[in-house]
Amino acid sequence: MWLYVLELIGISVFAVSGTLAAGRKRLDLIGVLVLALVTAMGGGTVRDLLLDRHPIIWLADPIYLVVIIASAFLTMAYVRWRPPPEKSLLVADALGLALFSITGAQIAQRAGMNPVSCVLLGAITGSAGGILRDVLTAEIPMVFRPGALYVSAAIAGTTAFFLLDRLGVLQPIPMLIGIAVVAVLRLAAIWWQISLPVFRFGRDDQS
Amino acid sequence: MWLYVLELIGISVFAVSGTLAAGRKRLDLIGVLVLALVTAMGGGTVRDLLLDRHPIIWLADPIYLVVIIASAFLTMAYVRWRPPPEKSLLVADALGLALFSITGAQIAQRAGMNPVSCVLLGAITGSAGGILRDVLTAEIPMVFRPGALYVSAAIAGTTAFFLLDRLGVLQPIPMLIGIAVVAVLRLAAIWWQISLPVFRFGRDDQS
Amino acid sequence: MWLYVLELIGISVFAVSGTLAAGRKRLDLIGVLVLALVTAMGGGTVRDLLLDRHPIIWLADPIYLVVIIASAFLTMAYVRWRPPPEKSLLVADALGLALFSITGAQIAQRAGMNPVSCVLLGAITGSAGGILRDVLTAEIPMVFRPGALYVSAAIAGTTAFFLLDRLGVLQPIPMLIGIAVVAVLRLAAIWWQISLPVFRFGRDDQS
């Protein structure tokens, strides 16, 4: 129950992020709603397709669609009056990333995947929505470009989760620590501008 | 039988649309054929993957591939001689959208989905092919950008289909009315330039 | 066993190609690794999703991920010292394409698909990784643009494979000839600059 509410909060935050991304691209109302849906549900959908888990959650339970569409409309209404609270959004997005990564990794574990695949599927659950959002607006995904840790925070947190679980620490402690590691790493990376090295080679295509 | 022929017509129209889109991008023959295939079969493929329906139709029945490839070659031959009949193509595309949306929604219904998901899957069936076509040519999808109603026409028509079906109206009346609503809305929107509001916010990325 | 080693070589080559593509885009370390993974495993993943084959190979067997990540790191280290051996890479990529296309077509055949679908799935297995790599870097896929034969070489080789198999030639002869046809056609096309005709129509979008 508690997880369900947290997951809906995560979905709502990602829907807000998709809506704001759409606002910079002059899309119409449908474009905004599709971007909100893709950003919020993309990660879970890719994970479920890869794991062959059916029915896909948002097809089975319409509350997901309702939360996403309501979040998109509230965001559009809000930014007519004043700019969105950037800092609160970053914190909320970090929590969404943390929650999606750890629950994604747990779902992969329950499907019998090995730990390496679980970590990868956790990272996919947390970040594929944002990647699809950027692809649909013809951008190189934000998470691939130089900037504060994102996917790497998800990988660190899911790895911590699995190590503690292997060491026999009882749930929900590994889960809570995993979520905390992702969120704290992500926020610390924003605060102190910690980023991964950039790999640059040959002719530069970025014009 | 009648539905099967209509579906092949819809596929053929979408293949023509993919071919013409490729023509503006200086692609080679393979690029053109892939865009024709993706535009025509993308919507049904995404729907079938989400619903876990297998085998995917165009893998099971080679006639689909034959129709698409023939349509692409005929289009390439035709436009060497004269410009394509824009108006006939818009009407045909509206019919393709209408047919794919309603049949997509019906297939979702038969798979036991709730009405909200069925409407969404209908809209996905009708529009995902065009979205993939635009992503593969590194464009923001046409259906997200300001312009005459497209996805919204599909949503209105599939909603009408479900309401009539719920009210106990016997098939095929809800189906035919649903198809008519999509096609008429789409064509009226082109004719009277009806479009959805644009949501614009913050720094504009469109350079 | 022999096939397994060849497949790992193919995966490694495609991971190198993804890494080098990332180097031209100023991505960070995660971006490079994701591009390497997507380039190497994208084709097989799309094939397996379309055929409903589960578990997806790289989720079941972590050796694939290890080979890809090691290849990406070795590539990044190597190009700090000197430029990569372009010619050896082209030969290796042609072998990767050949191997992935023929094994992809065989897997489709074993899944009971008709020959037309098998050829198509072989071509998808060989080229979808590169297409996804280009989409994720906001480029029109290289294989759609004018240039030396690529997808068409894969189609020719898988077609030769099926014709020989139909004529009753015993395995592994059709397989080896199929692989040779793809690789030789690809390399000959690079050497003599053989390319498919370009289809160009109407207003040119390429600015």
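We call the chains A, B and C, going by the order they appear; numbering starts again at 1 in every chain.
Here is the rule we use: a contact is a pair of C-beta atoms (placed from the backbone, for glycine too) under 8 Å apart; a residue touches a chain by one contact, two chains touch by 3 or more.
Note that this is a predicted model, so its numbers are computed, not measured.
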{"item": "Overall pattern in which the protein chains touch one another (line/ring/star/complete/other)", "value": "complete"}
{"item": "Same-residue or different-residue interface between chain B and chain C, half as cut-off", "value": "different"}
{"item": "For chain B paired with chain C, centre-to-centre distance based on mean C-alpha positions, whole Å", "value": "29"}
{"item": "Shared interface positions of chain B, touching two or more other chains", "value": "49, 52, 135, 138"}
{"item": "Touching residues on chain B, where the partner in the complex is chain C", "value": "19-20, 22-32, 34-35, 45, 49, 52, 54-56, 58-60, 62, 65-66, 76, 79, 83, 135-138"}
{"item": "Complex contact set, residues of chain B against chain A", "value": "49-52, 113-114, 116-117, 120-121, 131, 135, 138-141, 143-147, 150-152, 195-206"}
